[in-house]
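The following blocks contain the structures, represented as structure tokens.
After this come two complexes, each holding chain A, first together with chain B and then together with chain C.
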Partner chain A sequence: MTRQQILGWTQRNGLFFALAILIAIFSILSSRFLTVPNFTVILLQNAVIGLIVVPGAMLILCGLVDLSVGSVAVLSAVVFGQAMASGLGLPVSLLIGLAVGAAWGAFNGYLIAIQGFSPIIITLGGLAGARGLAEFVTQGYTTYGYGREFAFLGNGKLLGVPVPVILFAIVFLIGLHLWYRAPLGRHMIAVGGAKDTAAEIGIKVKLIPFWLYVASGLAAALGGLIIASQLDGAAVTIGTGMELEVLTAILLGGVSFTGGRGSLFGVLFGLLFVGVLSNGLVQVNVSPYFEQVAIGAALCGAAALDMFYQRLERLNVPVESEPIEAPQAGEAQ
Partner chain B sequence: MSAPILELRALSKSFGPVHAVKTVSLAAHAGEVIGLIGDNGAGKSTLTRMIAGAIRPDQGDIIVNGQKEHFETAQDARRAGIETVFQTLALVPGLDIVENIFLGRELLVPGATGRATRTMDVAAMRRRVEEGYQRFGLNLPDMRTKVAALSGGQRQVVAIARAVLWGSGVVVLDEPTAALGVKQTELVLSFIERLRSHKVAVIFISHNMQHVMRVADRVCVLRLGRKVHDGPMSKLSGTDLVALMTGATIAAQ
Partner chain C sequence: MVTKLRAVNRRNLMKLSGAGIAGAGIAWMGLPVLAQEKKRIAIAHPDRAADYYQGFMNAALKEAEKRGYEVLQSFSGMDPQKQLAEVNTWLASGIDALVVLALDANAMAPTVAKVHEQKALFISYANRIDGEDGFIKWADRDAGALLGAYAAKHIKEKLGGKGDVGFLTATNIQVVTDRIESTHEAILKELPDTKFFEATALNAPDGLKATQSLLQAHPEMKVLICCTDDGALGARSAYQNSGLAADNLLIAGFDGAKQNLNLIKARDPYLQVSMALDIGDIGRRVIDIPYQLWNGGPESETHVLQQYKLVGHETPTEDIDVILSVYA
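Moving on, here comes the complex of A and B:
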């Protein structure tokens, strides 16, 4: 039992220690690393991905995936920019931008969760389609200059904490509640791990993923708007490669890509691990090319460790031995 | 004898030309274990699925506690107090025992805020399972153990215990011991025996005559969709049961 407890404990906290060791190493190598301003920067750099990671991880837990987030982010930002340019005003334009994300999420959710289309194909279509649509909307003309109020979304601070970080914290706390304290967490594990059983028991195996896609689209839109605010322009480059960053944090955080297993705390550590690694490597003047290699290596390492733990878990299954009917050979002389 | 908890009146079901179940009537009383036996294709599973609400009978009535019921879904049957444990068990391996027992009917913290925020009352759920462990003398690992880590027999027990903890008066078990070894089978059979003293009616389907003879009070035999025997277990031997199932006349003693 103790061995199993130790095993479970290291499995649950392994990434936390990897993160702690990473922080320790960078702190020794660079005096600027372990400072409040630098950690604020790390959080700010990862807040947008963090927002999208929360519903993203829930989708993966359900055995689904949303690859369209980066493109939905840019489409929302671009549509917002057009709305601003046509004089609709900030509140209406913001709502339109968010609505674009929610609508795209509902489109994904309808096709995948209700109609049963492949999540990879549909959201891969969204990855290409939404970005293409964004480029069509701009017609090569990037809107910019949305005023000081909008700039607050990406650059403002409340009590010294950047607004995007606050938004990320709110989304993450809501996510924690849903994951661990509300029935939804168990229902998602059931949907991802044993869908037929979940349906038989009466769990909403279609509606849960549908609303998660809507949430993912909404989070992507919010992320796109935050970046547009930081750039003060709705550039068509917003959100490029975002889906991979989101997936990296989730999978590094130990959520099983086949669904049914994972922790949101693990995902937070996965997100921070990537953030700390990127920031730290810059601080110690390692070539930025190496950053990608390091993240890739970390992902492969996490996958290998996961396999290792699963093997050990299987060995630890307490199956009672069946009584053996054969007589002891030693005594039969 | 008191009024039956579950009564089937002349249930029939056909699949195209196949009469899977033909005018079968059956009454189950509290604290009674009924062994339902029959050869392959005799109609046992079809009968079970009608009781479980998985399929609808062509003809006949299902009466629960004197009330005529029309089950549209498995949830309807469950709500009426009839739980069917199929071979698949309907357990989620990635969740622990408590989570499985309360899956889909989690208890929320009482009050308006609990309901509004959908906050689960985790402590209350554990307490209820703890009580169940004691009341039924459940021989299971810690209730926080993931179902993935349980043996086949333990999973059976969890699936049955879930039904009983939810207050089902009738538990239908379709071949619960089919895939189990000796020790695992013992775990399940002894639990079924214990249910008798808790006023649960059990319908137990099995191809293993020894298991049926061990736990059943009454035995009901189906052959080609018809009920051909219904009577107390005590008067029958294993040979008699086989003869009834296959249609051979009982050898005159």
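Moving on, here comes the complex of A and C:
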């Protein structure tokens, strides 16, 4: 790796250094922090958010947003719970739970991507509506006790790695491929950066966001089901504040809220930064009265450090860029 | 002919308009009288996601039906500012009594004056507000003292007198801080050298994450006090999946939620205690207190201290069934 490549990577991933500093601080303050079991727990704690963050970051890269993920997660979980309670069996109930998320995502996608409604208004409506529907479905009563097979989804391990972490890794790797290797990544940047121009050169400026909303809904549903599995109950509190956690990781990771710019590795570092911070504050026994102050200070510090590294761009480091592939004629809608 | 018809129509139109205006006037004067025949009680409960909520509302609605009152409900989602906004909306719409579980007792105090300006009643539940007309106060500090003494006894008898204690708490809700602070005090009174480790978690998903982190830092921790039963469920899942032994473990929560009571009834090795409120009695009283105030009832019926019951593995199943009956 050349000096210029290192500097270029540094510019794009300043948050990595903030994360490294944070890990170093907590490792000094707590002897139990820098251990394999604790990092497994950190990954487990953030796997669900991580699943949702991947399509969420892609939506923001396209200049869109999904604020309904927490509510879709709880709706999928409670519908699954009701399906189990009515004796439909695990496979069918799981499919129903996932279908609810995909359907809600398709609904969002149709209104926003196809009909051109405001993504903030529609998904804010979903935030209230899906949670309201979940409360209506449960009528205040939590279903619980779904058996061992379902518990494997949230609590099981494969080769010593928790299942939710494996699912997150799969989703993240797919995300990496789409973001950096497939034409879709460049198309998403084009949709978020200059939608009209993207449409003119034949990029599917409606279908790409539509399917991203479906993916977001599906990921939220899977997240809700994993939490229900971990708790062995479909509590209506599932997904509370999830949309903010997702947005924090994405924006901290440097994806521009207006679209067109961002790095999925940055998002991963953003996710891990928040996860490490939450875990570390408990490890060093920070008073709950001071916890929010500490979180706020750390997030501001990380954002400042990231900005500092981005300003290294003034060192005039060439960043490789690839031309946007124009699709075949007739491919665009 | 055409001209005559037009004239008739105009006259009819004038008559109809006159009749309409007169009718609207009568309705305007009469409707409030009709509406006031059924008194309106607004209940501001902050968390309808809580497992005990439905039992609480079942009892409240049943009592309201018995008394012939209309019940309005709202849910601020544990947000004190949103709660103030919804209370002000109700005041603007005109209500006869406001029943509030105040998330921030100090912030709610000025609202009491506004309620009284409208000749309405202000009833608080869970905690107390200056100037209230009646209340059903949850004995949070007594419950904390009881649970703290129970935890101290557990540490003395089962953990050799030494043990770290974890707390899942929240700092912005007075009921919760009263519960946790009093538990702290009661444990320290018996075991002054006990170390406390705290994390913020009110609901089950947060309780799960917080306990996972606590157990990484303190794997020997055997006592975990949660500010709500929902949080205790998350703590239970974290313990269950940690691979740590459940022997001599004490996970305790507050509220008396259905799932927790059922687990305790089944002698779950992880979840040992729920500080249970009589949810049915609270639901009944939030309607009964305004009734007593309007009808000159005694102070014992309008100023009520609701005690918690410690439900543990030693509690007879029949007693647990009585508490659970409110969820039927």
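The rule is simple: the second predicted complex is superposed on the first by the 277 of 333 C-alpha atoms of A that agree within 3 Å, B and C clash if a C-alpha of one lies under 4 Å from a C-alpha of the other, contacts with A are read in each partner's own complex, and residues count from 1 in each chain.
Basically, a contact is a pair of C-beta atoms (placed from the backbone, for glycine too) under 8 Å apart; a residue touches a chain by one contact, two chains touch by 3 or more.
This one's a predicted model, so the numbers in the text were calculated from it and none came from an experiment.
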Figure out whether A:Gly260 sits in contact with chain B (first) or chain C (second), or with both, or with neither.
-> first
For A:Gln139, decide between first (touching chain B), second (touching chain C), both and neither.
-> second
When the two structures are overlaid on chain A, which partner does A:Gly160 contact: first (chain B), second (chain C), both, or neither?
-> neither
Pick one for A:Leu184: touches chain B only (first), chain C only (second), both, or neither.
-> first
Applying the touch criterion given at the start, work out whether A:Gly116 contacts chain B, chain C, both or neither, answering first, second, both or neither.
-> neither
Should A:Gly87 be classified as contacting the first partner (chain B), the second (chain C), both, or neither?
-> neither
A:Gly202 contacts which: chain B (first), chain C (second), both, neither?
-> first
Chain B and chain C contact sites that coincide on chain A, given as residue numbers | none
Touching residues (chain side chain A, partner chain B) in the complex | 177-178, 181-184, 186-187, 189-190, 192-194, 196-198, 200-203, 260-261, 313, 316-323
As the complex stands, chain A meets chain C at residues 30, 32-33, 35, 37-38, 41, 44-45, 135, 139-142, 144, 155, 227, 230-233, 235-240, 278-279, 282-283, 285, 287-289, 291
Within the complex, which stretch of chain B touches chain A?
-> 74-75, 88, 90-95, 99, 103-104, 106, 108, 117-120, 122, 141, 148-149, 151, 181-184
For the chain C and chain A complex, residues of the former touching the latter = 48-49, 51, 53-54, 57, 169-171, 197-200, 203-206, 208-210, 212-214, 216-217, 230, 233-234, 237, 240-241, 258-259, 327
